[in-house]
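Before anything else, here's the structure in question.
Order as written gives the chain letters A, B, C and D; numbering starts at 1 within each chain.
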Amino acid sequence: MIAIVVGTNRKNSVSRQVANYYSQILDQKGAENRIVDLVDIPDDFVGTALYENNGRNESFNTLREKVQSSDKIVFIVPEYNGSFPGILKAFIDGLKYPEGVRDKKGALIGVSSGVQGGVLAMAHLTDILNYLGMNVLALKPKLAGIESNFTDGKVTNDLYNQLLNDQANRLIEF
Amino acid sequence: MIAIVVGTNRKNSVSRQVANYYSQILDQKGAENRIVDLVDIPDDFVGTALYENNGRNESFNTLREKVQSSDKIVFIVPEYNGSFPGILKAFIDGLKYPEGVRDKKGALIGVSSGVQGGVLAMAHLTDILNYLGMNVLALKPKLAGIESNFTDGKVTNDLYNQLLNDQANRLIEF
Amino acid sequence: MIAIVVGTNRKNSVSRQVANYYSQILDQKGAENRIVDLVDIPDDFVGTALYENNGRNESFNTLREKVQSSDKIVFIVPEYNGSFPGILKAFIDGLKYPEGVRDKKGALIGVSSGVQGGVLAMAHLTDILNYLGMNVLALKPKLAGIESNFTDGKVTNDLYNQLLNDQANRLIEF
Amino acid sequence: MIAIVVGTNRKNSVSRQVANYYSQILDQKGAENRIVDLVDIPDDFVGTALYENNGRNESFNTLREKVQSSDKIVFIVPEYNGSFPGILKAFIDGLKYPEGVRDKKGALIGVSSGVQGGVLAMAHLTDILNYLGMNVLALKPKLAGIESNFTDGKVTNDLYNQLLNDQANRLIEF
């Protein structure tokens, strides 16, 4: 099972749409998958699901369990303030430790309005996931200028599509 | 005015104690300062103070204003899951954009139980603060093994004390 | 005195041309400066100027002295293999330790053919320079797609010019 | 075939000794391996084997071919000036592009006299190797304080030995 994590709790995010698209790519390849959208995170989780409260928020537990019980995890990583949204790291901070993502396989996709495509965000996230014991695929597509390369639920940029397909194939074999 | 940000919302955190200690160092040097402890962040701020809700949570605004109206900011950065706590980035994500930390001066102090002293956490944070336009002091003390180097509200390690004093002097002149 | 380091030993590099242009910007602002082009590095310096041979290669010493005797240093950083050229770090490895760049002020400019503008290269370099005690300006212009934004010795992109001028002003006041 | 790259051209380096030790670990597991020590790099390679001269230095080619013809590569990464030695990146810059390390599997081991164990060096190197298409194992042992944990050609620290063995097993299966 592959979990696709939408790395922001913004409502109706572009990242969610990219996740939907990636889910279709995996479907076409016959790879079972499900989306975990951080928009579903309980608003108060930073006070009820971290540190000494880790594991005590049932609603948060339901969300994290979808990640923890998957053996491969795709992160849709929107660039925000020069890195990824803090909420994504806070979500990771709320996972079961140490087994949360340990020994799982990860794939990262950067999304940005600007030209960077989340390159620094994905570098930071790779450091964190590696630290936690998750192997991360080298191929991390950078979907820069997403607004002009995504229409009607589909990535319209040929290079981007090639990279996403290539990555999905590699993840399935990883 | 120097704001000292405690980079976690953990209750009774070691980072808070380090902040208290650093505040005394600044006091002794005659530098006006105040502590902003993320333990005071509203539990639901990720749902009420980010993105389209930026600026709409009065309680969060009070907290961020203490940072935004300071011209120098010290970040006490506990190492957590190979970087800093997600809550710290989420707090930064909730600042007024783009003027939140732009053109301010920053100083970082890493804190860890283990041997790293938050080196990677501070590298990530420097990337983010630089991106947002904050100049960050090169000297970033790494307080590794904090439990055995901090007693009764004081840092007991001579090297650490020397680095903290040196940094405080530099920040005042920065 | 401001040293402008061309961060590659490639002959007739674009980075050198950017350095020439930046030198003119500084000239116009009345800031004394000189260019240190790594193309002038002795070919055998990795065997004659590092580790136990540090300081023993006169030709290398002449080059490094231009950097070490400057109080502000600009690095023109071409993106190469996802970071900066190894030669730049090897040059830094050959500086006098620990005073090489310690307590100096630095400014970074990324240059790339592609869309990244050296963002990761500059993040890595900032880590290294900060480690060595150099304060680095937050503003680090990313000159992506340099071939189409640089003609006849001049940057033709208005935003790039604005950023370079802004950075130069800040460096002079830093 | 697994290549073990000694990431410095320092003579009689500790990294070389760690490479010898790792080679024995792989031998015991029946995994064919060979050491590529950057001490054997031609002193003038930065002038004769990079950019337009890529592939033209036969002596350098012999060295790089040992890496390029291996499908798994271990990097022994000594911490130097807050990252890895510039020579290591310069060596990578001299590899055949783009196939040098693309689609190969990598494992990193940090070595330092100090307490960091090369954590930042390995983060930078991971960025570069991932950029070039090499998948890197999450487990990256940090051999801090190497002088007091390595005697008579052997790592004497139990935790370090456990990590190195664990990593070697994972690399063989990677």
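Odds and ends about this structure:
Basically, a contact is a pair of C-beta atoms (placed from the backbone, for glycine too) under 8 Å apart; a residue touches a chain by one contact, two chains touch by 3 or more.
Here the structure is a predicted model, which means the values were calculated and not measured.
Most remote chain with respect to chain A, judged by CA-atom centres, is C. For the pairs A-B and B-C, the larger set of C-beta contacts lies at A-B. For this pair, chain B with chain C, the centres built from the Cα atoms lie 30 Å apart.
Centres computed as Cα averages put chain B at a distance of 36 Å from chain D. Our note on geometry: chain A versus chain B, Cα centroid distance of 27 Å, whole angstroms.
Within chain A, residues 120, 123, 127, 130-132 each touch two or more of the remaining chains.
Partner chain C is touched in their complex by these residues of chain B: 123, 126-127, 129-140. Note for the complex: chain C touches chain D at residues 9-11, 41, 43-48, 50-52, 80-93, 97, 120, 124, 127-128, 130-132. Only residues 115-117, 119-120, 123, 144 of chain C touch chain A when the two sit together in their complex.
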